[in-house]
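Reviewing the structure listed below.
Here the chain labels run A, B, C, D, E and F in written order, and each chain numbers its own residues starting at 1.
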Amino acid sequence: MMMSRSIFVINPNSSEAVTQAIDRALDCLRTPGELEIRCLTLEEGPPGIESQRQSDGVIRPLCNLIGRLEEQAAAFVIACFSDPGLHSAREETTRPVLGIAESGALTALTMGQRFGVISILAGSIPRHMRYFGAMGILDRLAGDRAVGLGVAELADHDKTFARMVEVAKSLRDGDGANVLVLGCAGMADYRTPLAKELKMPVVDPTQSAVAMAIGRVRLSW
Amino acid sequence: MMMSRSIFVINPNSSEAVTQAIDRALDCLRTPGELEIRCLTLEEGPPGIESQRQSDGVIRPLCNLIGRLEEQAAAFVIACFSDPGLHSAREETTRPVLGIAESGALTALTMGQRFGVISILAGSIPRHMRYFGAMGILDRLAGDRAVGLGVAELADHDKTFARMVEVAKSLRDGDGANVLVLGCAGMADYRTPLAKELKMPVVDPTQSAVAMAIGRVRLSW
Amino acid sequence: MMMSRSIFVINPNSSEAVTQAIDRALDCLRTPGELEIRCLTLEEGPPGIESQRQSDGVIRPLCNLIGRLEEQAAAFVIACFSDPGLHSAREETTRPVLGIAESGALTALTMGQRFGVISILAGSIPRHMRYFGAMGILDRLAGDRAVGLGVAELADHDKTFARMVEVAKSLRDGDGANVLVLGCAGMADYRTPLAKELKMPVVDPTQSAVAMAIGRVRLSW
Amino acid sequence: MMMSRSIFVINPNSSEAVTQAIDRALDCLRTPGELEIRCLTLEEGPPGIESQRQSDGVIRPLCNLIGRLEEQAAAFVIACFSDPGLHSAREETTRPVLGIAESGALTALTMGQRFGVISILAGSIPRHMRYFGAMGILDRLAGDRAVGLGVAELADHDKTFARMVEVAKSLRDGDGANVLVLGCAGMADYRTPLAKELKMPVVDPTQSAVAMAIGRVRLSW
Amino acid sequence: MMMSRSIFVINPNSSEAVTQAIDRALDCLRTPGELEIRCLTLEEGPPGIESQRQSDGVIRPLCNLIGRLEEQAAAFVIACFSDPGLHSAREETTRPVLGIAESGALTALTMGQRFGVISILAGSIPRHMRYFGAMGILDRLAGDRAVGLGVAELADHDKTFARMVEVAKSLRDGDGANVLVLGCAGMADYRTPLAKELKMPVVDPTQSAVAMAIGRVRLSW
Amino acid sequence: MMMSRSIFVINPNSSEAVTQAIDRALDCLRTPGELEIRCLTLEEGPPGIESQRQSDGVIRPLCNLIGRLEEQAAAFVIACFSDPGLHSAREETTRPVLGIAESGALTALTMGQRFGVISILAGSIPRHMRYFGAMGILDRLAGDRAVGLGVAELADHDKTFARMVEVAKSLRDGDGANVLVLGCAGMADYRTPLAKELKMPVVDPTQSAVAMAIGRVRLSW
């Protein structure tokens, strides 16, 4: 049945613009006659997820949405770098659920010995550290550094890109990263230009997670 | 003001019997004219917290309760071994918030080189492992083993104690634990008999957390 | 161009029967009009890779083969659980190269908190340990235990399966594994029956690696 | 009996001024009618403990003193950041013995994801590293950096404070610390101004250890 | 000058029989006209070092002895598996000082992927764990298990050997050790028979330390 | 028999000048009438080993050479900081085989708490990291930084030394190294001047490995 062949990529914040950027970035993973990849916005989500409270706050509506979609779903991807509710969602549904931080970091491990993370805000770094600690991969982490720009500044793409390049160089030259992970679902548009500028691999975590989800679906795991 | 001198110990499951057991275990930490220690039951909680979903599910009402109590509170203790919402709660309030798994494990580190955890259910162990990994203390963990009894059997104290002794011996003799942590807020009554039977220190995590909370309040940290 | 759309899965031992078992296991990852998945046997390889010398010994012919195939290749998978020559191969070609031990272990990290490995021979375990150490994921490893059967006994499927079940139970019940990884490319046929028998996820590493390779090709990483 | 209700805080160096600073810092932990907190100077100690030899050298007289005080003691705190003789003392007496480095670091783990240590001398850092390694908490250590001032300069409080602020900023901004631990019993007076200046939590290790000791005594552990 | 060419191997317990066993085990490291290897008994030591107090208790007389011997010494070896006073001794003298636990464990790392330790008493294991943690090599430790025999039983060589074989098999087969380290200076006589019986390498730590000391002296490090 | 008393130190690159520098550095480990120390150049090796492919590429001829020399050999040392083929060689021969990276790093662990590595090229650092990860000693690694000079510049000793001093200071002052390891067999001549300039211990890895090999031979391990 067609409907049961969708991978649902859920953006747990309520910003349609982020969902659209995610959607664009997934085009290369779409093939005709195959699994559909559908990007959704969690209506109940906050405009952005910047704190542990916001991350924990979306778990309930996110799990509810997953529950409602289960019949039509082949797999789910939670498209926020805090992987909110990942382990709850895995209990909620029998379908595979991938988180973009988990998938992005694991994929990076196949592309470089030590990975660096480019975060939006410094306040998210302790949350990421707890998560990479729970994943048991801190020995592979070179560093996690924040762009540190406010919403207004993030709207300025040139400024944002310039700052991302600066952070990326610091991760590469100071911390010894040889692969980078974008620490936010909304950064997908910067992946290619950043990889070119830095001449090193850059992982978009949502793309990684969807690629892993496709594999899981095909393998019926 | 008297009311601002209360440490609120919140049992995030809705079992009054558990809250009462916790309350009894904290008597030795009460002194006249000092901080009040008040044990509350989270009405919105499930009867027990056995899954990640149940653990994540209490975060919102728990944080709401903490928000409502803040004015009267000197500190908060979250009395469930999954430490649900600990980092959210730390953002919710400026008062110290302690989790019993975190406090119990850290206290155990001062009493033995490798700690063993006695859990109720095997299904909770991966959740604990993620948490001890996030805490960065896995090198000190000897093992985490489950009693594995259902609700009906847990009501039988003799049977439960016999099984706890068995698990404790396995942690001590097989895994090399030299201190034990009770992996549930509701096990407080077994601490003293278990320590006597095993002749090794046994940590009740709620007592540990309240003791740390008292210190934090006095030091105004 | 059609020819450039092949993922080459190279079995570095010279056993055609193993290559055929791998080939069968990859059928579910094949879709019409898409990337071809072609399984090859390394003619210069030994009948099986059981030692470090055998593992190191195939690196040169394997890299030569990869070099010769580069023009037609979209990606490569090295289908031996020792991941022989993985990092050399990544220098040899600009195409993505995945190793089945690396991909299998990383995929397992998304399916359980601690993974157990079922190896053929005890003598391979130190080699695996060095590798998981290099990968920095030892905190997630529950254990690696060997089936320990000779070639003649491995030909007896029932005996082999019975022994795998025994090892799997020891990893699950004694070591605390909640996901299993098959420690050999030639075990693919046992994945489904083993998962059913144990009621826990079992990862076939070659399937994992090919799934990751498909993602990498589509994303042009 | 009143006398058995004392927590003895032993400064193992012979500087009365340090003992007095410690004593002042513990006032907030004193409550009427409760455990007495008594600060002692180890007469046989050196003026300061700056080397492994000085640290090891005080173990014998320290344990002797602990032995002599046992009858009157409820608990002991060893007030030197090298925790000299901590494990010997735990064998010497049945009373709880807390070390300030152990207690300070563990307490910091409840206040931030990665802790930074402000040491007096660079020469002490390898000793601290061995100790944090033995504690198994290196994944949580952001860094340990030294003020590097001589005795004469340390007498100049403004200069010392300015240098501490500089080191603290380096730990916070360069190393990613989000909580600080004072790496010396004699720095207690700087805790509050440093926390204010840096706008981040600062742990005085002696206060932490005494707070933990009070808990242990009340719980009869 | 002849006298400055001695490596002093100091047994910090007062048992001459242990010193003699050590002395015999070092014969193969002696060559004519070369460095003398002289084994001494620390008169002030206890009959055996079984506790942290005993270990710490010998540091002062041991360092004093090292200080008195410095002029005649090319290097020192502290021949007790607790490495008492190792870091103090390194400050006491400019000559190289090796500890047998450190040297034995590091040497074992070149002979197998995971090492097992055969200790005399269970009570020493937490002390060893702290030490291996401080050394940062816990990922390579398979296990540390105790023979658990009293002094009278240890005098019975056949019984002791039988028990050592039993512990060694448990380390090899249960814990996955592929090299063993004797956890006591006094076990040297058992090395060769144990290696033969188990068919795996067995490291005598005193021999390792003296071998490393010879290297250090020749290299003038 | 005299011929069986040789330690063969094999330089796996084909640069005679490197072999000669190694040979000079080993003079202090030679004593009359003892083990001969013979340095050989692997004819089939590349001029330098700078990539994983070059490292893997020498394994086969290196093992062949070891096989041919076995009769005359007491032990082997592989004199390249990538330790190419170390574990293969250990299977090839019953004689002890030491690798200079392994021996150098382990020896450094007895001379400082955190070691820094001075590499020639940045591209080798990920390879080193995988190796130190496989060794399980990353907690002791302060950093690995590259001199980054090309062949022409390396021929200029003054320039090379100046750059090594710069890198060494960065490892010491920025990364907290208290012992250094030369990350290349060809750097032996710089050991003494660098140690003098930095006033800290500097380990030449080839010297370390030969010293360990001498011990292994004498002990018949």
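Here, a contact is a pair of C-beta atoms (placed from the backbone, for glycine too) under 8 Å apart; a residue touches a chain by one contact, two chains touch by 3 or more.
In this text the structure is predicted, and so the values were computed from the model without any measurement.
Student: Tell me, which chains sit next to both subunit C and subunit D?
Tutor: Correct list: A, B, E, F.
Student: If you average the Cα atoms of subunit E and of subunit F to get two centres, how far apart are those centres in Å?
Tutor: That gives a centre separation of 27 Å.
Student: Can you work out the whole-Å distance between the CA centroids of subunit C and subunit E?
Tutor: 42
Student: Give me the residue numbers in subunit C that touch at least two other chains, ranges are fine.
Tutor: Residues 130, 133, 135-136, 138-139 of subunit C each touch two or more of the other chains.
Student: Return all touching chain pairs.
Tutor: Applying the touch criterion to every chain pair yields A-B, A-C, A-D, A-F, B-C, B-D, B-E, C-E, C-F, D-E, D-F, E-F.
Student: Within the complex, which stretch of subunit A touches subunit B?
Tutor: 51-53, 55-57, 59-60, 63, 85, 87-88, 90-92, 127, 130-131, 133-136, 138
Student: Could you please specify the touching residues of subunit E with respect to subunit C in the complex?
Tutor: Touch residues, subunit E against subunit C: 112-114, 139, 176, 178.
Student: Within the complex, which stretch of subunit A touches subunit D?
Tutor: These residues of subunit A touch subunit D: 125-126, 129-130, 133, 138, 143-144.
Student: Show me the residue ranges of subunit B that touch subunit D in the complex, using the header's touch definition.
Tutor: Answer in residue numbers: 28-29, 31-34, 98, 102-103, 106-107, 109-111, 135-140, 201, 203-204, 207-208, 210-212, 214-216, 218-221.
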